[in-house]
Amino acid sequence: MAERDFRKKRLDRGIKARSDTIFAVASTKEILYLLAPRFVPVAILLLLPLFLESYWNKVLVYACIYGLLALSWDFLASCGLFSLGQSLFFGLGAYIAGALNYYFHLPTVVTIPVATLAGGVLCAALLSPVMRLRGVYFAMVTLMLPLLLMKVVETTGVFGGTHGLSSLAGFPHEMLAIYLAIIGFLVCLFLFRRIMNADYGLILRAIRDDDRSVMSGGINIYWRKSQALFIAGAAGSFAGALMTHHYQFVGMSTFALDYSILPVAAVALGGPGTFAGAALGSMILVPLSEALRALGGLRIAIYCGILIVSIILLPEGFFHYLARKYHQFERIEKIK
Amino acid sequence: MTTSSNEPILRVERLKKNFGGVLAVYDVSFELKRGEFLGIIGPNGSGKTTLVNLITGFVRPSGGRVLFKGKNITGKMPYKIADLGIARTFQMVRLFYNLPAYKNLIIPLCSSRVRRMRGGKYGEKDDEAVDLLDDMGFERDSYVPYKQVGTLPHGYLKRLDLARAMALRPELLILDELFSGMSMSEVASTLPLIEKFNREGLTIIMIEHRLKELFRVVDRVLVLNFGEKIAEGTPDEVMAEDEVKKAYLGIDVEIPPDPGTA
Amino acid sequence: MKKGTILFSIAVLITTLLIIPAGPAGAAKPIVIGVPTSLYTPFGRDGLKAVKLAVEELNAKGGVKVGSEKRPLKVVVADTRGGEPSTPVHDALMAYERLITKEKPDAIVIGAFRSEVLIASMDLVSKYKVPQLGTIAQSPGFQKKFMKDPKKYKYLFRVTTDALVDATYLNNTLDILKNKYGLKTAYFIYQDTLWAKAFSGLMSKHCKKTGWKQIGFDGYAAGATDFSPALTKAKDEKADLIGMVWDVPLGAGVFAKQYAAMKVPALLIGFIPPMASPMAVKTVGPGVEYAMSIEFPVGASLPLKKLPKTVDFLSKFKKKYGSLPEAAAVNSSAYDAVFILAEAIERAGTLDPDKLVAALEKTDYKGVSGRIRFNKQHIAVFGTKDPNETGVCVIFQWQKDASGKLRRVPVYPDFLAEGKIQLPPWMKK
Amino acid sequence: MSLLIYGLINSVILALYTVGFSLTYGISGIANFAHGALYILSGFAAWTFMNAAGLPFWLSGILAVLISAIIGFVFYWVLLLRLRGIPLAELIVTFAAGVAILELLTWKGFYGIRYSLPVLVRGGVEIFGVGIDYQRFIVLACGVFLVVGLWLFVHHTRIGLAFRAMAQNERTALSIGIESDWIGSLSLAFGAALAAVAAMVVLPLGVMESTIGYEVLIYALAVAIVGGLESTLGMIAGSFLIGYGQIAAARYIGAKWMIIVPLAAIVFVLAVRPSGLFGKFKELEERV
């Protein structure tokens, strides 16, 4: 009976109402309100490596790598391309960087940027024949492509075949790798948010919602989609290239399912569409999975559990929940 | 109301389309002169919307040709056709409901056609969008252009769709049942707008069930029934024909369009 | 990051940091043996059991003497999931690194299962300077990489055989089959991984040299599930012998069953775990009769009357775990590795990695798998002559004993043989 | 000759892999990506019944099929109920559930030579000079029986007709009193049961391993996509194309190319003709 008489009411905090549209912010408190959510996490992320031991720094790199993949997933999803194959991007970047270094002995300074760009181009080129597919069909192709590439590497023995390429150039200092990962991750996060809020992103989102309407506006949606594939592919390839040099190894397992599932799980947990959700999701999921390492193979089952639970019970994601708590307060009030 | 040029801007030659054995459009041919105002009528399911989709590239024809300004555009991608200057509205509006109204116009304003026509660069897109909406009767000082599309009433959506089509600066405008779902007063305020576009030289094809309004503005009418062209001519000529009467007898009622055919 | 909550994630990160236990710090500090391997495969699982068995025995004797103090041994395990074909190598390496940095093992045994993980982990192991006695992966890539920088990789040892030795055994058997039994035509199938290809390649080369007629040399993907093309080929072209090298149970199991079912009149020889395993009769059925397989090194699953140590080890194993090891390879090496390590520690008198490595290099240990010494590439020396000189392997054949029960009979080398090779009746000329 | 015969057997095996997946998709539009996992899970379930409980194979097999069906049924009510109509979410959730099952199996140590189901009849015969074991005949018979039986079931039983009604138009089906959730969950249960039946006849050919789950999923997808996702005729054609394609590739290019065939087929078909060879969803192509 009590439930029927009362209801939960959500109200924006006054400070949000004021600072949302009025750009001349009045007080330092309001400036802080707006900036803190951006700067505090960035600062913590940047300072964290200085305090962590080597192993947990590795985990941090991992989190950033998966974060990049999750961001790239979210970016593609924003224009209606739901991928189940982030490992394609990851693997391509990893192999390009690895091959450049192994066969041509190019230094890291060259291989990583080249792998990033070339990986992006290659992803766009590989997926462009299937761009017109949507939803489940696109997902299936992206799921199969990395598997196919993996089998091709295994069968033909190119790039070291099953053994992969090892003894590649590493980073001169551990910290360099860590900061490269963190900065790449943060740049991607803010860049993607900026892109999506601009007119460019508006069109991408519109393609997701109704591609025919966009076409009738004279926009070449396939060209836009390939651009989006390039951007997302470049982010994933950067992650792959970084990983290759970090571990001085690249093998066909870079196309493994893990690199496809975990980013999706991270986005599902954090909440799609905002990028911050993807970032948050991977920052929660990866350290969590490391903490669960003692459980061995069970970990993957646990990710899948998290993925399922967050899709079913928390469709909007964790990030939205936190954001709501930050901006709004709730109270129970009596229904008159 | 016709303007000078005699060369046809659009030529449709024996266009055919069958959906899994069902003929939606059969052997339809017609020509359209620059600046002309053509009406297309026909009972429900007579293939009007399919015809529009065929012209604008949303459906691939099974046979026949479409020439725009002498150029073959049959089977081209819709964005390519839009880029050449054919804009359309949709029977069921296809807008982005979670965007503010004026942001909907950003999409055509970002097209390469608009950039070309502006001499190679984009302007202030937001301002331009609001200007366009202002022309359509969305007062710029009101809250309407800035409101989320989802919260606007249906009549506004139709006009917004029209604005979206006009933002492309088309040479040929195809209106697919623009007036369906509009109130009388909305129709009354929109119709002069369309007439004005036509007077300014825009070629228009209009598909409509509201024959009274249609006949007031068009130069020529084309009648479709079961996918075939059964008559063509001025409104009076057309309505005099027996076959047209038969096709329309008792069927001229506003039936809400079937979702999913758009 | 508008609605700032990355903060929260950091909080989670930090709390997880705190939750991780800081590692045990007992009074009588045990010597920690790390076992990072793939518990997914029978090789890893049984290897771990063998290691635990060895550790138990040593601890029962009071442990290992380090300098003047006797310290117990302790095993810590990390599942690298490395045996599953599609696990990311990076993930396996993370597990490796976590084991090394968190548990701080004094030495590692068993090691990676997949060659690529082994090779990729070499850099890691040498970075942290943990002596490692690998007992599974047999990739020739190991030697290659080792020789690139022997100083850097000096922490790595391999206690088990490599493909070269295994192939020598098989080649010698091939010679016998050709000369004494008159077999002429051979067909080779291998699992398409580097070591298996190298292994079977050696056999194929040997065949060509010694005048066999070779009708094919085909690689199948590790996950293959249909061998009818190969088997039909063997049958159509009248192969007398099918040589096969395969370590993934899945494909080998299908092959074994299909071979039995299709009644290919060719003798099967090679390394085929489902055919070699003690459970073969159950898995494959009576069709397993006459199949020959190599077991490397000795004592992995087959008790040999002429080597009492293998009987001893396997009976202990059976007593503790209820059955013989499932896989006919490398288990005895894992068992030996622990003793080799213990002995080296006692000789070095310290757990300092560099001194321990120096002691390990001087290893001369007579274990289950024979006499183990390391060569310049840190690989245990195996040979075909004498278990008192080198480590040895054995080739056996499934034969029916007097009571009609199928059992594995060692047939080569002679100093281990308990019977003669039998040709199936349909092949007798 | 052996190419023909083994191509046929391979095709029938592929059809068996696919039949459950195709059935579920055809009725309720759910792409059950846990299909492969259910397949291998039922194999291990049967093994466990045989070896832990000592039941005979036929009984264990029936139990495993039942269990698989129950899991499929439960899947619907637990996982999919809230996600109906969002194909992508359905796909991700079933896929995740499948991976979870497979990883759990791996974690529990279901890997190795000992996990093997017995064949029903040992031995084999020679036909046209090609040796075939009896188990492969059973596979053939079972494949034909299932496809024919399925056809009869769908066309001539009450529940089959309800399935068809639902497949054709969910809303109409609802309006004539067919409850879509009930049918949806049944379709999943039937699909899962068929996966288990396939497992019972195909698995004895080899040993069991959890990674087979992924493979079966890939094969099922390949066949379904090549043939057109919900068409029975397409499924048969798809399995023959891929089945013979594989054997031919093994014969003429190299055995290791066998696994490339289905993967490449999926990617190729989706890129060129997404509705498949016999797909009814032509609008996929009409759609530009």
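Should a chain be cited, it is by its letter among A, B, C and D, assigned in written order, with residues numbered from 1 in that chain.
In the analysis below, a residue touches a chain if its C-beta (ideal position, glycine included) is under 8 Å from a C-beta of that chain, and two chains touch if they have at least 3 such contacts.
Computed from a predicted structure; not experimentally measured.
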Chain pair showing more contacts of the two, A-C and A-D: A-C
Most remote chain, CA-based centroid, reference being chain C: B
Approximate Å spacing (C-alpha centroids) for the pair chain A, chain C: 40
Chain B and chain C, separation of their C-alpha mean positions in angstrom: 74
Averaged-CA centre spacing for the pair chain D and chain A, given as whole angstrom: 33
Interchain centroid distance [CA atoms averaged], chain C/chain D, Å: 36
Contacts with two or more other chains, residues of chain C listed in rising order: 39-40, 81, 86, 192, 221
Where chain B touches two or more other chains, by residue: 58, 77-78
Shared interface positions of chain D, touching two or more other chains: 106, 214, 254, 256, 259, 288
Residue numbers on chain A that touch chain B, as the complex places them: 199-200, 202-203, 205-206, 209-210, 212-222
In the complex with chain D, residue positions of chain C that touch it: 39-42, 45, 81, 83-86, 192, 218-221, 223-226, 228-232, 235-236, 249-254, 257-258, 261-264, 273-274, 277, 279-280, 282-283, 285-287, 326-327
Contact set on chain C toward chain A in their complex: 1-10, 12-13, 16-17, 19-20, 39-40, 78-79, 81, 86-91, 93-95, 97-98, 101-102, 115-116, 119-120, 122-123, 139, 141, 145, 148, 192-194, 221-222
Of all residues in chain B, those that touch chain A in their complex: 56, 58, 77-80, 82-83, 87-88, 90, 94-96, 98-99, 103, 106-108, 110-114, 125, 164-165, 167-168
Sites on chain D touched by chain C in the complex: 2, 6, 9-10, 106, 109, 111-114, 116, 119, 122-124, 126, 129-136, 204-207, 209, 211-212, 214-215, 246-247, 250-251, 254-256, 258-259
